[in-house]
Every structure is written in C-alpha cells, then in structure tokens.
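Dumping the structure here so I can ask a few things about it.
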Amino acid sequence: MTSVTAIPLPYYLILSGILFVCGVLGFLIKRNIITIFMSIELMLNGVNLSFVAFAAHWHMLSGQVFVFFVMVVAAAEAAVGLAIIIAVYRTRETLNVDQVNLLKL
Amino acid sequence: MTAITHLPALLAQTLAITPPTGSEYIRILPELVLSFFGIVIMIVDPLLDEDRSHKSLGAIALIGALAALVSTFFMAQDPGNAFWNMVRVEGFSVFFHALVIAISAVVILASYEYMAVQRIRAGEYYGLILFGTVGMCLMSSAVELVLIFIALEISSISTYILAGFRRREAASSESSLKYFLLGSFATAFFLYGVAMIFGATGSTNIDKIASSLASGSVPMLAYVAMGLMFVGLGFKVASAPFHVWTPDVYEGAPAPIVGLMSTGPKAAAFAVLLRVMFEINAPGRFWLLWVSAALSMTIGNLGALVQDNIKRLLAYSSIAHAGYLLVAFTAQPELGTSAAMFYTVSYAAMNVGAFAVVSHFGNVGEKYVTLEDYAGLGKRYPALAAALTFFLISLIGIPITGGFFAKFYVFSAALQSDLVWLTIIGVLNSAIGAYYYLRVIVMMYMREPRADVPCPPVPAATWLAVAVCLIATFYLGVLPGRVLRKATDAGMGMLHISQNTTPGATVASGQ
Amino acid sequence: MTPNLYLWLIPVLPLAGAAINGFFGRSFSKKTISAVALFFPGIAFLYALDIAAMFSSSAAPYFCELAPWIRAGAFHADFAFYLDQLSLVMLLVVTGVGFLIHIYSVGYMADDDGYYRFMSYLNLFMFFMLTLILAKNYLLMFIGWEGVGLASYLLIGFWFIKDSAASAGKKAFIVNRIGDFGFLIALFLLIKHFGTLDFTKLFEQIAAQPVEAAGIGTLTSIGLLLMVGAAGKSAQIPLYVWLPDAMEGPTPVSALIHAATMVTAGVYMVARSHAIFERAPGALTVVAIVGTLTALFAATIGICQTDIKKVLAYSTVSQLGYMFMACGVAAFSAGIFHLMTHAFFKGLLFLAAGSVIHGVGGEQDMRKMGGLRQYMPVTFATMGIATLAIAGIPGLAGFFSKDEILWKAYSSPYGSWIYWLIGVVTAFITSFYMFRLMYMTFAGDYRGATASAAHAHGDRSHGHGHGEPHESPWVMLGPLVVLAILSVFGGWIGVGGRFEHFLAPVFQSAPAADTVGETASSGVEHLLMAVSIVAAGLGWILAWLLYSRLPKLPGVIAEAFGSLYRAVANKYYIDELYAVLFVKPVVDGSSAILWKGVDQGIIDAIVNNAADAARHTSDNLRHMQSGNLRSYAGWVAAGGAVVIAYMIWMGVR
Amino acid sequence: MISALNPYILTLVTFIPLAGGLLLMFFPRRDRDIKVFSLVISLLAFVASLHLPVHLGSDPSLFKFEIDKAWIASPNIHYHMGVDGISVWLIVLTTFLTPLCVLISWTSIHERVKEFFILLLILETALIGVFTALDLFLFYFFWEATLIPMALLIGMYGHGRRVYAAVKFFLYTMVASVFMLAAILWLYAKTGSFDFVVLQNAIRAGSVPGFVAAAQWLFLGFFVAFAVKVPLFPLHTWLPDAHVEAPTAGSVLLAGVLLKMGTYGMLRFDLGLFPDQSRSNAPWIIVLALIGIIYGGLVSLVQPNMKKLIAYSSVSHLGFVVLGIFSFNPAGLDGAVFVMLAHGIATGGLFMLAGLLYERRHTYEISDFGGLATPMPKYAASFLFIVLASVGLPMLNGFIGEFLVLSGAFQARPIYGILAATGVIWSACYLLWMYQRVFFGKVRNDVNSTLPDLNTREKAALWPAAAIALLMGVAPLIWLSSIDPAVQSALQPFAQLAAKVVGQ
Amino acid sequence: MLHLALFAFFGIICVAGAINLLVQRHPINSALSLVVVMASLAAEYLLLGAEFVAAIQVIVYAGAIMVLFIFTIMLLNAGEEERTKGSRVAILLGVPGVVIGAVLVAWVLIHHSNTQSVTIGALLGDPKSIARLLFSDFLLPFEVTSVLILIAIMGAVVLASRPGAVARPQTTPAAAKEENEGPQLVAAGRERR
C-alpha cells in the first residue's frame, strides 16, 4: 500500500531518536535545573513520536493512546518537579545544578 | 478512582462495551482499598487539629494498610486476568502485594514517632505512602507495559515527594531533586524501551510480547528495547552502574522513607524485572545481569567500607544487596525466581527494621546518624541496640537470620546453574561486607557512650515496628520453608511451569 | 614362676612421701616433715634389701605388670616393672645412697624455711629415679628420665631467689631436653622398626639382628641417638655444661643427683641397651671416644677450679667419662662397677664438702679455707678416704673399678691403647686436683673471714652466724662415715670379676668382653695396673709439692702459662662459646627475623595492607559519588550506552 | 545417669547453656545472682555431658546418641546430631572449661556482667553444637554462631586494642569460612543433602556428579576455613592479638576450644569427605604444620607479653595436632586428638593463671614481674604444674599426645618426626624462661611483694584443671580407649587407599 | 513528495528547536524553543494521521505544561545560567557514551526496523475510536492516572508550601533544642488558620 506520498518509517524513528538524544545531552550539559527538566520533557516527546510512528506502522491505535498516558505522566511530573525545584530554590537560593551538591561521597 | 463506581453503566450506554465484572474489581481490591483510605486521609486531614492529627491519621493509614493486607487474601481467592488483560492475579502478584503492603504498614508504624519528632505534615505523608503503595501493587500485578509504566511513575513520584519531606533540611530537598530528575531521566529510558518493544512486536502486553519473541527470530529492536528497559529498571533497583543516586538520596531522605523506598519500590521493581526478564524470556540478558550483579556487589560493599553516616552506609549496603539479588536473575529462571523473591522478603524485613531503629536514634532533624553518635548505644538502649545488631547480623548473612537464608538460596541457585565464579565473587563480597556492619556493632558495644547524644524513650509504635521486623527476620532465619514454598509456587506460576517438573522441587525434597 | 615382688611399691613409696610433704608439709613441724621424708625412702631401701636378699639369679629377671598405660593403634606401653641383676645393683645404690643423703639433708637443711619443699623434692626425685631403673620399657624409663630432670630442675633452683640458681636449673632442664630429643628420636626409630618399646620383646628381636658393619645402619643410628640422650643426662661432651652450674643447688642435691645417681642414669641406659650397642660397633666407638675425651677434658678443667663444689663437679664429669669409656669398649659391667663405687666415694666427697661448707658458714671458695682438719676431723678423715678412693690408691673402691675400666679399655676387642693412655693421664690429673683440694681445704691455716660475712653468700644452710669453723652434727657425719666405709670396702666385691659374673646374665649376650679378659696374659694386666698406681701417686706428690710445700709456686706457674691458665680457669670458654653460637642467634633471630620480621613485617603487613587497599579503593570509589547530578546522569548514560552496545552486539551475533 | 534419654541427651547438652542464657536475659541486674546462676547452668551442662562418655557404648567408632529430624524442608536441612569417640571428649572439654571460666571471671568482670555471662553461655552452646552437628548446614550454623559472641566478648570486655583484635578475629574467620560455605553449597547443589553421612557415602560411592573435578577446590574451601581457626602457620596472626586483648574467660575458651574447632573440622570433614585430596595435599600441609611448630616456639621465646607467649605456644601446639592428623596413622591421629584435649586443659589453665595475675596487677608484661614465687607460693606451684603439663613432661597430659603425634609423624616420614620433636626443646625453653623471669629471683617491683596468693575460688577454678592434667597423663586410656576406635574408623578409607595403591 | 517535504520541514524545525534548547543559556529561551519543538511535533503527528494526539499535544503540552514551566521560571526569576565546571564525568563519559549509543541505535533503526513506509492518514486517530479504546482496553490505566494526578497535586501542595507553614508543638525533649524556631512557627501556624 505504499503510495507516492509515503515516508519511510525510519525517518520518524530517527527524528524521535534525535529528539531523545538531544534531551539526554541537554540533561548532561545544561546547568539550570529547569532547563534540565525541560530536556527530560524533550526526551518524552521523542518517545511519543516513535509511539505514534509505530502505531501507524502496526495499524494499532493503542500506540496513540500511550501518548496520552505519557502526557499525563509528563504533566504530573511537571507539577511535582517544579514544586521540588521551588523547594530547592528556597533552601539554596540557586538553580545551578552544579551548586546543589551538599550530599556527596 | 471514585469515577469507577458509576462508570460501567455509562460505558454500557455510550459505547456498547461489556463492563468489567465484579470479580475483576476483586482482583484490584487492595489497590481500591488503599486508594480509598488515601482519599479518606486527605478528607480527614483538614478537619483535624493539626497538633494531634498525625496520631489519628497514622491510625487511619495503618488500618488502611492492614485492610489492604486482608483484601489481598480475597484477591488471592480467584486468580486470573482483569480489565482486558491489564492486570493478572496469580501467586506471584499476590506474593508481592502482600509484601509491599506489609512493608508500608510497618513503615507507617515506624513513622509514628518520626512524625511527632520531626514535625512533618502527617496528612500528605501517610496519603502519599498509601497511594505510592497502590503503584507498587500495580507494578507487581500489571502485565501491560503501559500500566507498568504508570504504576512505576506513581510509586516513583510519591517517593520523590516523600524524599523531600524533611523540608527544613536542604539535604532533604536536594535528595528529592536528585531522585526526581534522575528518576525521570531513567524512566524516559524505560519508556523508550517500551516504545521500541512495541515497535518490535506490535504489542505491549507481556504475554503477547513473549509469544511473539518466542516465535521466529528475535528482531534487533527487541534487543535494544530490552537494553533500554533494563537501564530504567536497573536504576529503580539501584544496581550498578545505575546506582549512583542511591547514597545521596538515602542520606537526605527521612529515615522511615528510606526504609520504605529501599524495600517497597525496590521489591516492586524487582517484580517487574522478573516479569520482563523471565516471563518475557528476555534475549541476551545473561551477561548483562551477571556483570551488573558483580559490579553492584563489589561497588556496594567497597563503597560502604569507609562511610561514617549510617544511612549512607545502609544505602551502599542496599546497592550490594541489589547485587546479590541480581545473582538470582542469572540463575535458571525456575531456581532464580524463588530465590529472588525470598531475598526481597528477608531484605525488606531486616532493612525496614534497621531503618526503624535508625529513625529513632536519629532524633530531631536526624542529627545523630553518624557512627560516632552510635557509640555506646548498647549501654543506653540495650534492647534496641540488640535489635539493630540482629538486623545487621542478618545483613551480614549469619545463620538463624533471614539474611543468611536469602543469600543461601541465591547462591545455591547460582551454583545449581553452575555459576561458580559469580558465587565466589558473591561470598567474598559478603565477607567484605561483614566489616562495615561490624563497625556499627563495634561502635554500639565497644565504645563509651557520648554524653551529648540525647536518648528519648522508645515509643510503643516503634517497638511494635521493630518487633515485627525482628520476628519476621528471625522466622525467616529459622523456618524459611513456608515462605520459600510460596515463593517457589508463585515463581512457577509466573513462569507457567507446572510444579512437579521443577528442579526446585527436587531440591526441596532432596535425597 | 617368678614370685610377684611388688616392684611398683619401691618407686611409689617415695612418691607418697613427696605428695604428703608437698601438699601438707607447709603446716607440718620440722620433725614430722623429717619423719615422713625419711620413712618412705627408708622403707623403700629396706624393701630393696629384702628383694636383694631373696634375689636369685636363676629366677631373674622379675616382671611386674602394674597397669596398661597407652594403647594407640598397634602401639602399647604399660606401667610394667622389671628387675634383673643390673637394675638390682642400681636399685641398691640408689635407695641406699639416696637414703643416706636423705638423713644427711635432715641436718644440712634443718634451718632452711623451704625445708618441707626440699624434702618432698628429694622424695620426688627418688620416685622418678627408681621408675627409671625399674622400668620394663623405654617409655616408662623415659618418664623417670624426664622426671629426674624435673627433680634436678626443682632442686638446683631450690634457692630461686638467687638468679644464678634459677638459671642453672633452667639450663640443666633445657640441656637435658636436648639430650631427650635424641632419646625420643631413638624411641621413634625403635617403634618404627620393632613396633614396641618393651625391653624383653625388643631385645629378643634385636638379638636376631646381625651385627652392623661400621657405618650408619638402623641400630647404629639408634645407638647414637641413645648416646645423645645419655650425654645429656650424664653430662658428656658436648652437653656437660649444665652440671657445673648445677652446683648452685644445695650440697646434698649435688651429692645425690649430680654425683651418685641421676647423672649415672645415662650409663645405666647405655648398659641397659647393650644389646643394641653390641650390634652397632660404630655407636660403641663413638661412646668410647666421647667418654674418653670427656674424662680428660673435664679433669683438666678441674685443676684450676677454686670453688670446692665445682672441682667435684668436674671430677664427676670426668668419672662419668670413665664409665662411658667402659661402656664404649663393651665392658658394661666394668662401667656399672665404677658407677657403684663412684656413687660411694663421690657421694661421700660431696657430703663432706657440704659439711665443710656448713662448717665455715657457707663459704665455697677453697682459697678462703685451709687448716680445717683440726676444726672438723671427722669430715677430714672421711673426705680423705674418699679422695684416696677416687685417686685410685690401691685397696680402695675407686682403685678396683677404675683399674678394671683401664684394663678393659686396653684389652677389649673394641678397646685400644689410646683409651688406656688417656685414662691413665686422667687418673694422674684426678689424683692431682683431688689432693690439691684436700690440701687447700684442710692443710695450712684457716684463711677464711671469721666474721659472719658468709651469709652474704645466700647459702642458708647455716642459720646462726659465728666466726669459728666447726664440725657438723652427727646426723650429717653419720652418713659420711657409712659412705666412707663403703668407699673403702665397696670395691672388694669386684675382685676376681665377682661383680662381673654377677652381672654376666644380663650382658651374657656381649660377644667377647670377659673371655678376652682371660686370654690376655695377667702379666700385662699387672704392669698396666702398676702404671696407673704410679700415675695416681705422682698426682698426689705434685699436689703436695704445689699446695703444701711451696704454696707460692701455683701462682708462678699460673703466670707462666698465662693464657692457657686463664683458658682452663674459664672452662675453655665453652659456656661463652655456646652462648655466642646457639643462644644468642636463636633469641635475636627469633625476635628480629621471625617475630618482628615475618610475623609483623610480612604476614600482618600483608593483611593490613590488604585492608588498607580495600579502604583505599573504597575511598576512590566514593568519588564516583561527586554529588553532582550531571555526573550521575553521565554514569547512567554511559552505562546505558554500554548496555545498548552489548545488546546490539548480542543481536547481530 | 539414665540411658533412657540417650536420644535427647545431645540436644540437652547443647542447649542447656543457651536456655540458661535466655533465662539470664530476664534476670534483674544483681550480679551475684547472675554469676551463681550461670555457674549452676554451666555445671549442669557439664554433668549432663558426662552422660556421653559414660554411655558411649562398646563401639565408639560409630555415631552415638544420634538424633535426626527434618528441620527445613527446602533446602533439605536436618537437625542431625551425633557424637563418636572423638567429638564426645571435645564436648566434655567444653563443658568442663566453661564453669572454670565462670569462676575465673567472678570478680574480673565489673560492668555489663549480665551480658557477659549471657554471651559466655551462648558461646558454649555454639561450641558444643559445632562438635555435635552431623549436618553440614547445622555445623556451619554453629561454626558461625561462635563468631559473634566471641567477638563481642573480646570487644566488650577486652583490654587495650580490643576492638582491633575483635574485628581482626571476626574478619579472619568470616573471610575464611565463606569458602567453606561455598564448598558446602556446591556439595548441596550436587547432592541435595547436607547430611555428613549421606554425603560421605555418596562421595565414596562416587555418585556425586562433577566431584572429581571440583574435589580439590572443595577440600581447599573447607581446609582454609579450618586452617584459619587452627591457626595454621601463615594464617595465625589474628591469634596473638585476639588472645592478648581478650578477657580471661575468652582466652580460655578461645585457646581451649575454639582452636579445636579447626582441627576437629579437618579430622571430621577434610579427612572424612575428601580422603584422596587429604592425602595428596598432606605434604605441604605438614610442612606448614612443622613451620608452625618451630616458628611458634621460637617466636614465643621472645615475647615480652605473657599472653602473647602463650598464644604463640598455642600455634606451636596446634601445629602438632595438624601434623598428627595428616600423618594418617593411628598413633598420629590418637595423638592429635589427645593433644587437642591436653592443650585445651593446659593452655586453658595457663590463661586462667595469667588472668589471675592480670586481675592483681593489670599487666601481662613479663618484665613487670619477677620473684613472684616468694609472695604467692601456691600460685607459683600451680603455675609450675601447668607449665610442666604444657611442656609435655611425662605423667602429665602434654606428653602422651605429643609422643603419639611425634611417633606417628615419624612413622609417616622420619624427618617430620625429627623436625617436630625439636618443638619439645623449644617449649621447654620459652615456658621455663618465662617462668623463671616471672617467679624466680628477688621481687624487683615492690607492688608485687604484697600480691595476695590464690583464694579459694581461684583454687576451685585451677585445681580441677591441674587434676585432670595429671589424670590424663597417668591414665590416658580413659580417653584413648574411646578415641582409638573412632580414629581407626576415620582411617578406614586411607587403609583402602593404601590397599588400592598396593593393588595397582 | 509534498508529504516528504512537509515531514522534512517540520522535522528540521523540530530538531532546530531541540538544538536551540541546548544552546540557549537563558531558561526562557530554552522553554520557548521547547514550545517550538512541541508545535512542530504536533504537525508531524498530523502527518501520521494522529489528529487527536496532535490536538492534545498542542493543548496539553504546549499549552498547559509549558506555561507551568515558564511560570516557574518567572517565579524564580531564573537568569542566565553560568558556565560552571561541575562535572567531568558528564562531559568525558556521558556525552561520548550518548553519542556512541545514539549512533548504534540509529544504525539499528535504519537497518533493522522493518523499513516499510507509512502514508498520510495511514491510521486515523479520530476521537471516537481512541475513546473506545481508552474506555475499554485502557480503562484501568486511565483510572489509575487519577491516582497519579492526585499524588502530583499533593506533592505540589506539600513541597511548594513554605516549610514553617506547618507547626507542631514540641513533642519531645529533644525538640526543645530549637527554641528559637519553635514559637514563631506556632505563630505562623495560627495565622494560617
């Protein structure tokens, strides 16, 4: 059923992979906690894309349903995460992750 | 979850879907009970006078946990799948339900005094424990990766929050942050793995995945997927090299909560790992687990040698124990499963107990958690110190304690699978491990007490918690037979192996 | 057929005495103690006499199986006693002389507050000595053997306040241990090859063995090892060093243990093992050489000693050398004969010396004596007799036995004229230093300090201090007299080889000894006898010249032979040599190399370093926990990468 | 005693002390009652244990008083106990020494008295258990169970560097015994049984899969654990520290019984389960034992500290035991077992005596003493007696064992016997020298001139030991008559081995 | 063709946004670029025919979640992030690891994922069919998410509220150490009522 307007699945997968990797890299190199958190969201988005892509590939809607759950989780995480970040900011007066290293060794 | 009550009718009218039967609700009864009590707590909390609320709330939470424990019994009555094969009730899930719920019950008990001393908001605390337990329970019974993912998130997020509950200490919020960020990071890996397995097999149902992997050649994606899922789960069970978060988080988090998260979510995560590795006969897992086990044992034990903070020390020890547990995963499934399950139980017993004691000694703001503070506790709290000693002995793995049999089963399973070297690494590690547990005992008994360390009286609740753990540890150390039997049956059930053909059985009967 | 003589009673009686005094003596009165201490050995002595009376050579040997002792696998050893002519002689000597010395001690030690201890030790010694003599197997003999060692340890160190005494005791025990080491190995060899230590069984088997040609065979090595043991016990080269030091003990001890009885145990043992030695000529030669050399060597040292007891001690060593010389030429009976006479006159000498020391208030240095004959005539008389005896003046005990030995040394098939020559020279020296002793002690005028400075010496044998030397009480002199009589007539039983024939049944298996004695022309015998008599005479005259006629001369001679003199006076520096060769290296080596070096330096170091290494790795490991979130993420990511890589590899495989 | 309780006597003997200890936990902290009670308990255990040799029966080579009940279904662990002519005496030794320990600790323990005696009694149970267990798991259980109380005794009631000593002791044994655990697990994994007898038969029948390949490692696994306990030469350095720091009672049990666990283990399990490997490994083991004998002697010669000296002497004596065991002949093994007992009594006595001195002067340094024989003659006499027993003077217990071991070793290979026999000289050297420095000469240190002599309690603690030492020397048959058959049967496989060798 | 062009277009925007997120040093910019990423992703979803998902993506993600982020950034008025040398591991170990892993995964995706193509609307994710699925097969997860959200709310409440807000009377003697803090906290507790 491949038509002229078809796009090979791997393209989507690669795209999602790139997003995911960008997220990981962001986690590794960003200093600002909020940005780090955003890069996690980026990773999730990447995953979402591959979910949808696979869904299309298998002709299974469940793949799309997963995306909702992921979003919900992302939302919940966002709420909690930002609350935590606020709490940390209260006690530390900083958002630089390199300075949040009270606990070590 | 309140929606559930009126939902079936609605479904029936709108989209002609046969609603779940009553028995299917029974199969998630513990979860329902827990959520119900959680909600009750949330409702009751504002109504109560803040000064005294923590007692009554704790009572409610405890009742809820016990009720859930009872309900697992009902749940166990009719095994089977529920909610369109989302959850499965079988020996395996029942086993972990009981374990997890019991853990949170004891932790709730142990938190009684802690609440009072640390001046923590009781409502959310207990509520989160109960809701978190829901997540853990679902992790053990879910056979659908998406549900597993959500359950995992529930238990994780609740523990992220609980870790940050000592809000006057910067350490607590920091540990919360670290746990949260790294946790989500790892979860993303897990999720990516799920996506790939979905892509590889077109399903996220454990059974379907298993069957499709079993039929024909395993697609490449599946390997990658397994790898990614292992990263996520390995992080949750704190196995090297994904253990890095453990010491910091444990050090910062409230002691009873450490007791919880070093056992409850861990046990649940191991349950998931068992399903993923064994029920889906995960391809190419052996060396992954082997190396991870060896690394965890070694890093954990070596890292603990020089720790002066008890919580941190126990954190490293928990890494090491995760390693021992993973040894079981390298063994043949039918041997390894039961060994691993038994290990989770006995580890829970001794570790929760240890942390209960630690949380009492810690006192306001957990000021007294270094080895120096433990000097001479044998004189001040003979009984409590003796209890802690017993737990530590169990952690070392000396006979008549659950810890011994746990190690014992794991290693004999490994040996029966001819994993001689891993076993040797393991026993050597347990020998090294003896040293740092011994340091604590030495401190308590062989040093003079420090005058400046206050010793408040031990409240009944703490006693009860410690006693429960003590009895459990001792029972597992003297008569492990029954629990092991249960574990074996459950494991066989999960692996869809019929009883009479298992090597485990021959072992059990001996010659 | 053998009437059951309750042999075991003989050793056990003194043991009872020892036990009673040992446990309760502290609360007893001196009289009671003396009574107990004398009663039991007395009975033993009487019983021994009784046995001797009813002893019939035809019935010998007598056995007495008391009780089983050790049973391990095939190996058995029992409490079994054995009496034949040989052990009878020993029995009489030991009980007799022993009893006399007990009596003597009652007087000599009367004022010592450790009196009960002393007496019970003496009894204990009697017990072990008699066990040694009457044992029916080597193991039981070994009990006695070690036991007498213990007793001598206790008695030498009796005045343990004196460090010298304590050390001397220890030295005696340890040197003996070295000997016992050889003895033990010999026993193991016997067990290994013959499976038993029982004399009768053993010697039956050995009798079957052929005589070993020179060179090391089993029997030879056994013999040599036994000789090591004997050398330790009987103070032969190279293990004699303990005996002179042993003089730190009270004089009766020196008399009983270090002259009359214990030190002769070695000779007895060799004689007892004659069956072995006769089949090991190599061993015999060694015994003879060791004996001869010891005899000469010790005698030379004796010349320059000034301590009266030391002189006697070296004389003892030298006399023991004679006995081994005899054994070495397979003239066992001669050896035993000399053993007996020696017991008489040497015991007497020591007792007399004790009486002298007692008389002059504890002084032992002969240079501080002199002219004592008018103060203590009886002592002088008896000691004189003993001196004549040991010097080998005809008619007295020593003459017969020594002459017998010299003759055998010359005539026996194992013998040689060299032995004889050295023997004679030794005889000359012996008579010289003995008479030197007599002159220095009894002749001339009293040179001692009349004040009671004596007490500084620590010998508490002398309670109330007073200036004048004085004769000892009769309880001490009695034994002297008796022994004097024995020293005179004890030798006559040997005349015409009667003694030898009495012992013949024991040694009959000896191939040649006496038969050769007959064949050799008695002319030669008399000639040699004359020579030795002349030698003795010369010794006497020389002593008379140097120490009575021209007392200045000795100093002059000493000057003349400066270094040699000093060497002799210092016992050839043997003790120092041993200290440098053995003691120091062992102690320092153990301390420096083994303990500090191996134990702490290596083993513990390794252990601790391992621990430190672990701690160090751990310390490095913690730095994985930098506390920085991104590093943790880095670990996770890297780990993840590895996992993925591995999984993909698995996949493509 | 009634032979009716034969099936239960072992359980009784083993657990009487433990029960006592548990009862003690609920005692009020009135020290006197506690002491009296624990004395009574330990005596009770002793009396009960006397039942064993009395009713051991005609053929001590078999396991007697056996009790075999299933304990845990999976793994297949049995509560299997039984004794033969060898272990029975070790049990009696334990129960004999414990009351003495109680007496000796009467006044020397001031604080945490209750805990002390509880630990002591628990330790006794564990020790007895080690000698009664016939189930490898049970054995390992008791084996490990001795660790904690002993370590606590050293660490809580010791002196000076007690913590270091306790930890060292614990870790040494722990590290070594995990190898044994691994070996045990292997055996279990292959046979599905922990039962000593079952395993023995299985191995002799050659029905254990993969045994031949693994046997050497298994042997080593067991051997290392035992060698550390013994302790064999290079592994001995924990002993001096542990002894010096331990409280008197601890040292007594440590030297008296704990070390025997190692040699007993070698005799029962290494020889019992791995005869071939024992044979093939014997040479180097014996070399180590010889080194231990001589080395121990020489090192203790130069120890400035009384307890250290005795500790090293233990290294030397236990070397004799190992030597005897691995010379594989009746004399050797009889001797080995006998030395175990004799050493238990003699060295136990020595430690008691040293402890008494420490109570009076709070030092073990030999140089602090001298001339003690004057102020305390009874003490000196007792000390001398025990020293002589330890030196191996005939008619005392030390001699019999050493003689048998030496002759056994000599039969195995003359050089062994000869080298080992030098130990006889060394023992005389270091002990007598020590004795001289402590007791002889003038009292140099005025403090010593007024030291009290033995009192009645101390006599009650010492003289039984002395009496037994004498009895063992004079009438060793009482012991040998039951040890010998057991040893013979233990040597059965070796006889067959030799026969095989001859056959080929 | 057009299809491919669209894919490429949004894909490039998407990646550009992602990279921009990394390079931007002010959180606000990062946040905005993340919004860009999400929007373009929505477009990709549309290309895949997942229209409902696309809608939700815009509404929930870009709309709700990102607003939350930006709100927080504002609240904490986070400034430029300073380039601190925090972690060698992350740079030396993590980044290379990630790159390697990425390459490997990419290789797998290209070669070993079945390379069949998908077209526009290959699978229509219309609300009805999704709802049917959501309320039948995924009923339980759906309900369970409620618990998740509940937890999130509680967590937010607890963590975001100021520490002193809840005062407990000093229940143990040990607590007496903190007189300085105690009273004022109690006061705070009252005034909160």
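Which chain is which? They are A, B, C, D and E, in the order written, and residues in each are numbered from 1.
We adopt the following convention: a contact is a pair of C-beta atoms (placed from the backbone, for glycine too) under 8 Å apart; a residue touches a chain by one contact, two chains touch by 3 or more.
Remember, it's a predicted structure, so these values are computed and weren't measured experimentally.
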{"item": "Labels of chains that are neighbours to chain A and to chain C", "value": "B, E"}
{"item": "Chain at the geometric heart of the assembly (C-alpha centres)", "value": "D"}
{"item": "Leading chain pair when contacts are tallied as C-beta pairs", "value": "A-E"}
{"item": "Separation of chain D from chain E, taking each centre as the mean of its C-alpha atoms, in whole Å", "value": "68"}
{"item": "Mean-CA-position distance for chain E and chain B (Å)", "value": "27"}
{"item": "Length of the line joining the C-alpha centres of chain C and chain D, rounded to whole Å", "value": "37"}
{"item": "Sequence positions of chain A contacting 2 or more other chains", "value": "13, 23-24, 27-29, 36-37, 53, 57, 60, 62, 65, 69, 73, 76-77, 80, 84-85, 87, 90, 97-98, 100-104"}
{"item": "For chain C, residues contacting two or more additional chains", "value": "622, 625-631, 633-635, 637-640, 642, 644, 648, 651"}
{"item": "Chains touching one another, given as label pairs in label order", "value": "A-B, A-C, A-E, B-C, B-D, B-E, C-D, C-E"}
{"item": "Residue ranges of chain D in contact with chain C within the complex", "value": "168, 234, 236-237, 295, 298-299, 301-303, 329-331, 334-335, 371, 373-374, 388, 393-395, 399-400, 403-404, 406-407, 410-411, 414, 417-418, 421-422, 424-425, 428-429, 432-433, 436, 439-442, 475-477, 480-481, 484, 487-488"}
{"item": "For the chain B and chain A complex, residues of the former touching the latter", "value": "146, 149-150, 153, 157, 160-161, 164, 167, 169-171, 173-178, 180-181, 184-185, 188, 191-192, 194-196, 198-199, 202-204, 247-249, 251-252"}
{"item": "Of all residues in chain E, those that touch chain A in their complex", "value": "1-4, 7, 11, 14-15, 18-19, 21-22, 27, 30-31, 34, 37-38, 41, 44-45, 47-50, 52-53, 56-57, 60-61, 64-65, 68-69, 72-73, 75-76, 78, 81-87, 90-91, 94-95, 98-99, 101-102, 105-106, 109-110, 113-120, 122-123, 125, 129-130, 133-134, 137-138, 141, 145, 148-149, 151-153, 155-156, 158-160, 162-163"}
{"item": "Contact footprint of chain C on chain A as seen in their complex", "value": "24, 27-29, 36, 97-98, 100-105"}
{"item": "Contacting residues of chain C [partner chain D, same complex]", "value": "68-75, 139, 142-143, 146-147, 150, 153, 157, 160-163, 165-167, 169-170, 173-174, 177-178, 180-181, 184-185, 187-189, 191-192, 586-587, 589-591, 594-595, 598-599, 603-604, 607"}
